[in-house]
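Each of the next two complexes has chain A plus one more chain, namely chain B in the first and chain C in the second.
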Partner chain A sequence: MAALLQHPGYEEERLQRVAEQLPCREVQAGILLSLMGQPHQYSYPSIFIYGHRASGKSHVMHVLLKELELPHATVSCVECVSVALLFEQVLLSFFGCDAASLLPRSASLSDFVRIYRQQCSQSPAKQTRYIVMEKAELLRDTDANLLPALLRLQELVEDNVTIILLSEIVWDKFRPNTGCFEPLLLHFPDYSKGELHTILSQDRHPSYSDEFYSSYINILLGVFYSVCRDLRELRHLAALNFSKFCEPLEEGKVKETDTHKLWRNIEPHLKKAMQTVYLREVSSVQWEQMQQTEEKENGALRGLSAHTHVELPYYSKFLLIAAYLASYNPARTDKRFFLKHHGKIRKTNFLKKNEKTSNHLLGPKPFPLDRLLAIFYSVVDSRVAPTASIFSQISSLVTLQLLTQVSHDDQLDAPKYKCAVSMDFICAISRTVNFEIVKYLYDFL
Partner chain B sequence: MSTSSVSKGCFVFKPSAKKKKTLSLADHFIHGCEGAENSEKRFKLCQDLWDQIKTDTEVLQDELNRNILDSLLDFTRKCSSTRQHSDWASQMRASEIPTAALVLGVNVPDHDMTFQSLSDLLQQSVTPYVASVQAKECGALKHLIKRVLERLMGTVVTVDDEEEEEAEQTSAQHHKSVHCSLSTLCDWYNTKTKKSNTGTPGKKRSSPVRDGPQQPPVVIIFKDLEAFNPRVLQDFILICSRYIERLPLMFIFGIATSPSTIQHLLPHSVSSLLCIELFQSLSCTQHLATVIDKLILTKQFPFKLNGKVMQVLISIFLYHDFSVRKFIKGIQLALLEHFHSQPLSVLCCKKKEALLNVMQLDHLDLERIRHLLSFKRYVEKQEPREQVDLLTDDTHLKEVCQKLIKDLHKYHKNYYPILRCLHTLTSSLPRYPLGKQIRELHLICLEKNVWESEDYQSAMKLLKMLAKDELIALLQRCAEILQPAKSKKIKSALVQLEDMLTKFKQLDTVAAEPPPTVEDSITSPLKHLQKKTDLAQLQKTLLEMNESRRAKKLSPFEVLRNEALEFIDSLVKSHLSPPESQVLNEVCYYTSSATVRRHLNATPRTSIQAALNSPFYYLQNDRLKTEDGTVSNAAPDICIVYKLHLECGRLINLYDWLEAYATVVSAAEGNDPDSDNFGKVDEVKHARFIRAVSELEFLGFIKSTKQKTDHVARLTWGGC
Partner chain C sequence: MSVLEVKFIGDGDALEHIVDKQEGVQSNSGSVQKMVTFKNPAGRRTRVDAEHDGDENEVLDEQNYVQALGTDNAEVCVAEGMYRVAGSSIFTFQKGKRGHSMAQTASELARTPGKSVTFSTTPNIEPSTPTRTGRSEGESRTPQRKVQFVSTTPHRLRKRMTTPSIRSDSDSELSSSDSGEEEDEVGIEEEQKVKKEDKENLKTLRTPSKCSSAALYKTPAKKSKTASEVPNQPSMIEEYFEAHGSSKVLTSDRTLERLHTPKLDRETLVQLLEGKPSCCSKEIQQLHNKHRKHFSKWMLQLQLGFSVLVYGLGSKKSLLEDFRVSHLAQEIHLVVNGFFPSITLKSILNALTCEVLEHQGSFRTPSDQIQYITQTLKDSPDLHVYLLIHNIDGPMLRGEKTQSALGQLASLPNLHLVASLDHINAPLVWDQFKQSQFNWLWWECVTFQHYAEETSYENSLLVQQTGALALSSLTHVLRSLTPNARGIFKLLVKFQLENKDNPSYTGLSFQDFYQRCREAFLVNSDLTLRTQLTEFRDHKLIRTRKGADGVEYLIVAVDASTLMDFLENEEDD
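Here is the complex of A and B:
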């Protein structure tokens, strides 16, 4: 397999080491190597690598550049809250901190190019310099000129430099309206089941044999492969459940080779893990503790999503109920629900063409503050003075994200809100205050 | 002020701090205080009392939070220690950021104290590197990172508050030059830990950790997770996960609602970088119950709240905010108000001190005492000669006052233990006739004679139906409550109660013999019954049967039970009378619930309307005073316009409004109603009108509308 990686510019031994670290990515690494050419040769100005999460993009780049000892700068675009930070990191890793400190306070692209050229003339590149940008999709949100400029940085700075963009999104979503230099595209396909198996088998437990761990991975993939192909998640699951897998072995009940018995033992646990851990509802530490105590108490641990109960002050509950009603009832029907002598109006009279679908399917609608308060005062059973704390409760409901403010923060006059809680939640809330919310909902009339 | 500059220009003169002479708290207190003679003494009493309450609540808070804080500390210690382990499982988990999700409840203002003590504890015992951030200061990722860096790198250097401010400024400049990023923090951390590892003696950060971890974790506390911008949070976590190998980071999320918000905020790609563990804190209602128990239901503090004030404070808590801190603030307000407005509050202190203070009262104060309602009632009950003495002889009055003060203290000494007893007895009854919480019972007792209420009667009835073991257990607990009390009456009550308990226990041995059979007595009317067919007759006989049975047949247990309950009843009757019945209760009890409500639960709309309706109250101008709620012509323009707008319908014609306004204003100017110019709109009036209307619009009473030209719309919830 290692034979795939051959290149005249680099030592055989190093390529060997690279190949060992990059299982199942030999083809891509080979293509990259041939694109990069020999160290002193000019390489293609920009390369765009895309593929799903955990398909080895960063890892391949990292290993290649590190093992072949090529000059490079790796930048994560999430981290660069300003472009200046990006420039600084690049300069820092190519020319040292003296160059980076030359950048003015809010550096622009031309500053960067100027300093780069200046530095470059002092220490011209003997080898191709590489700039690797992870999560390149964030570059789209920065200045419009940044991405096109980076793509042809080689021309701008007149240096042997190559930009490598890593992203989970295809290039078509990047292309600016004004057009730009087209980078070379390279796709990293998802790992197949066999490849996943090979990779996962690599991080085996030191005190168990290769075959044993490999058979464990086999079982694990058998359960999870149909729902999850994310390498990172699978690795997490493998680490989590391994101790359980080894349990019968340590108790001396089975031998390492007795795969069937081991499978019988682990399968229910994996099924259970599929329900809870995939969502990371329970932390891995807690999961392990749970597995240890499982024999005593059966599944006492609840996931994060199981805790949905929220304790609220009395009027906050009614405000939330009023907000829910305002969000899911058409404003025309308020009369019907909240006026004492509304007469008998049937639902059919209300129906307009577009309202035949349930409001609950359409989601919450925005409503003005006035309407919220009007409904609140008619819903709450006692007389409530419109005090400052009622209003502050509305804004604290907003900060708790139970309501969302639709209008802009600056709009003081008649702000609009939406109710952001689910039907189940509001039903639970109204039960605690003995309010039958279903009677007041237009959809359930 | 002068400058040495030759040129003209604007110069900024910062006021020097020394020149600003601030009035001390005491000056504020004494200023405008009722009965200024002893105000300083009252201020001191008030201050001492408040300090005591404050320290007590802080201790209480710490105790309540101890459990959860301890488990959090354990969590951080465990995390930092597993990082250094090299076993397979923890290696596999090394890329996750350990995270504690701390569910604290919706009373966000209260959380500050918890977080403060948490970060203090962490700094004391686990790691010096703790930074807490709030959502409002981290609008963008940049700010979040900057805050974290500032807090982490700044806390080690600075000590004082003032220094910190300066240090923040300088460090902000410093960070600009290095572009605040986590790699800066990383480098800083490495140099820090290396330094401490080599053990330079110069750097003494008195860390009590003896076998402390080599690499103390860096803890970042997100105080209000819900309020954070999800985007910012996600990016921050992504960045942090890139550094987790070099920097032992740890997060603590403060969650107000429910843990599922984490899933709402963070997508799987981000939450998979975290290793989340859940911690649930005490609910705020429990918290309040403890605070009331330790602060209100104790004789330790001479200052008391009457029923209405308590009701206001509790309802603000339950209906509005769930904030214990605000509840305590409310007590503070009542305390201040009491000492400020009641000159006799000088007697509201510990018994010995109060007795001393009685002797120092001057004539004016004694007159005040004579005017107290409770004292008047007391005087009326005395003999005529004694009445004259009380009303004329100051020295005699002082002696009597001392006795009365002693009585008041005795009353409190007995009141609380008995209240607790009654609560233990009734709190487990079905449907809670006297309330589930002791505060409800306390409120009832403050209002009126509890034994006269229906609920009390029904509770007693229910108690009479209790089985033996239940009753014994309850009485046992009552005895435990009475145990620590020192007053004579309570002690004798305790003796009696224990007597009864032993009798109850002896019943077991005595009652071994079967109770005398009463078969015949029951069967005879039954025989009788078979002949009757009339329904009314049947009912009557059954009732009779019941009566006779109860009258005749009482087992020794039942006798004893009734005895015990009568005993309890007598205790209640003698000790749980409402404080209003006590003489001199005004000294200790704060009664003005309206003041408390007005201060704590402000009603902006009502006050705006009051201002517009009757400007006299705010402007204190006699000319504006009118009867029957009308607005005088001379009132400010906005008041006139407001009054006129009240007479209109939903849509207001602006021109009609203007005309009406001009008429009113002309009358105010004293123009002759018959002249041609009367009510004519001139430019000045026009301008004044427009200004008043836009002011009304600003206050939210009207808004412009497109439904009709030259009209404005009235708003239903004007001014809210």
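Here is the complex of A and C:
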């Protein structure tokens, strides 16, 4: 395997070490090595690497640059909220803190280039310098001239420097309107099931045999592969559930080779893990504790999403109910629902549009404030004075994100709102105030 | 007797208040019946008589009415005093009771039922205010023979639609469509006409009664549509749903263009209005003096960490001005005119830092500036600053950011805030958090005074525009446009701001502008841009000029500082 990685410019044993650390990525590493060439050679000015999440982009770059001891700066574009931070990091890792301190307070691109050239003339590059930009898609949101300038950095600073952009997004979405120097595109394909198996089997438990762990991974992939191909996620799940898998073995019930029994034991457990830990309903610590205590049945613990009940003031509840009704009922049906003597509405006429898609599928509709108040007053049994507190409860609901204000045009004259809570939530709320909301909803007529 | 005037509105009291008022409505419709059959109870007959044959002293009539209100007030004041002795009702809604008694008085006077049901504040009217009489005037103008028809409640909506025809058969050729402001403005004109008529032929039966009832029915500072917005009883809800049930939109083709009177400019308008003395200035003065008595309490409450919020019908400006002169003259204070259309948060904060705290230099963000103010006031606890805001719900102060900044200021222990508010939906501006910051004490101060200064900046269709557009009208116009149109305008504004230091700048040429708009995907053809520009020109947002080379040059007719504020606001959104 390791024989695949060969390059005249680097020592054999280093390449060997690199190859060991990069299982299933030999091809990509080989391409990269040949692109980089020998240390003193000029490399391509910019390389754009893209691939799905957890396809080993950063890892490959990191291992290559580290093991071959090439001068490099790794910059995460998430961290660099301003370009000045980015420049500082690059200068810091290439020329030390003296150079970084030369940058003015709000550094511009030209400052960076000037200082880079100045430093570069003092300590000319013997090897190619690499700047690795992780999460490069965020570069699109910075100044329009930053990305084109970085792509031409070799030309600008007249130094042997190569920019490597890592991203999950294809290059077509990066290209500026005015065009730029096109980078070399390199794609990292997804790991196949077999590759995932190989990689995951590598971190086996020391006290168990290779085959045993490998069969565990096999079962795990059988359950999770259909929903998740993310290496990091799978690795995390494998680590979490392995102790449960070993349990029958420790108790002496089964032997290591008895795969079928082990599978019968772990399979429902993994299914439950998919519904809880994978969705982060239950935290990993809680999950481990549950495995240890064991008395508690998994799932008895209420996850995050079960805590949807919110205590609200009495009128706020009704305001929310009224908002829900206003959002999901068409305005023409208001008379039918909220007027006692609504006159003649022919049933066929009224129900004619029922074949259409339900409003609950289409999402909430905006409604004006006066409709909200009208429904509110017809829904509340007692008489309520329109005091300042009612009005501020409405805006408090907006602050709590239970309602959303739709257009920010006029805050006072005719504000429009949308109801942002789910059906279950509003049903729970209306149950607490003894209001049958389903009877008032057009969709459920 | 010291009058208690802390007014927390307990729900129970408010309810009672509404229930009572309903009874008032009942009696109201009863009185209508009686009026039709001419079997009035003794007390009421005098009033009706006064309206029937006392045409020549219509003013006197109104004075009687206000006097009646005044005596009611006095009684309630006594009652309040007694409550206070009882010590049990610090949280009761005492002013509400007074309002209720006024409501009853008014509903007895009412001709048409149903309209008076709206608010507790409905009858609080100053008869000669020329603003916003609108449809209510039209309704109250219904001839008496129609009363029977009017009081059959189930078809109220349709009736409302038909009232204009009743009205148009009287004397004007204006019909009131059911839609909004235009008609309100027509109302002003209308009333002016009516007043002129008044003077000329006092002997006619109809006009005076028209006027007095018009005065009775005016809703306070609020458009007719919003009347249905706060329904506090079932009938109101029904009315709302009836009115909004059908999607049919009734519009009138009688537009302002068909008006015979030409547009006035502001000076003429002011001149015309000058000659109308308020007919119950004495009573208004009394009311003012009554509110004045509370000033020392306001001061105490301000010291105790509350902020005073003054609400009610009528302009509160003179009241607050009086408060300022009498109590704050010795203190460091800052007056903010919230109704001013070009006021910004920045200008308020700048005034605080530069003039009150005497700080030189500028700040990068408003939050920095607030930080500085907080720190300075914390360092010198003896320094008390009073902030007086007329119309805290003014069009430029409504924003979320402005209000939270003001809230932060109000929560400082040695910055005291006195504010007035007029918009009916004003409490929407504050959520619970902001309310806790402001720590309001709500004071009802009904003054019945003209909103002379507050409305002087407002755009009216009947008044000719003078000078450059203000920031608020600029945003107002632009918000009703499509995002693309806004983008087009912003493009022009940005270009103009880039060139503001260039004295030889003559504007952007049309071709150039078209090119830029196309690049930004704002228009797809020459024609669309021209249409947009026509719209801007109609709203007086831009001016075009033919250059020497025969090319059109476009220029925004607003000064640069307003434009900069505008751009900042837009980016905030």
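Quick notes on this one:
Note that in this section the second predicted complex is superposed on the first by the 403 of 445 C-alpha atoms of A that agree within 3 Å, B and C clash if a C-alpha of one lies under 4 Å from a C-alpha of the other, contacts with A are read in each partner's own complex, and residues count from 1 in each chain.
The criterion applied here is as follows: contacts are C-beta pairs under 8 Å (C-beta built on N, C-alpha and C of every residue); 3 or more make two chains touch, one makes a residue touch a chain.
In this text, all values refer to a predicted model and were calculated from it rather than measured experimentally.
Residue contacts after overlaying the shared chain place A:401 against chain B, while chain C stays out of touching range.
In the superposed model, more residues of chain A are touched by B than by the other of chain B and chain C. In the superposition on chain A, A:373 contacts both chain B and chain C.
Once the two complexes are laid over each other on the shared chain, residue contacts for A:413 go to chain B and to chain C alike. Applying the stated contact rule after C-alpha superposition, one finds that A:386 touches each of chain B and chain C.
In the superposed model, A:205 lies in contact with chain B only, and not with chain C. By the touch criterion stated above, A:309 is placed in contact with chain B alone, chain C being left untouched.
By the document's definition of touching, of the two partners only chain C reaches A:331; chain B does not. Residue contacts after overlaying the shared chain place A:78 against chain B, while chain C stays out of touching range.
Once both structures are placed on chain A, chain A residues 369-370, 373-374, 385-393, 396, 399, 413 are touched by chain B and, in the other complex, by chain C. Contact residues on chain B toward chain A in their complex (touch as defined above): 88-89, 92-93, 96, 99, 101, 103, 105-106, 108, 135, 140-142, 145, 176-177, 179, 181-182, 224, 226-227, 235, 238-239, 242, 256-264, 268-269, 271-272, 274-278, 280, 283-285, 316-322, 601-606, 700, 703, 715-717, 720. Those residues of chain A whose C-beta lies close enough to touch chain B in the complex are 53, 76, 78-79, 81-82, 84-85, 88, 105, 203, 205-207, 232-233, 235-236, 238-239, 242-243, 279-281, 283-286, 288, 304-305, 307-316, 369-370, 373-374, 385-393, 396, 399-402, 413-414.
On the chain C side of its complex with chain A, the touching residues are 9, 11, 14-15, 17-19, 154, 225-226, 228-234, 236-238, 240-242, 244-247, 393, 398-400, 423, 425-433, 435, 442, 479, 573.
On the side of chain A, the complex with chain C involves touching residues 331-332, 334-335, 338-339, 341, 369-371, 373-374, 377-378, 382-396, 398-399, 408-413, 415.
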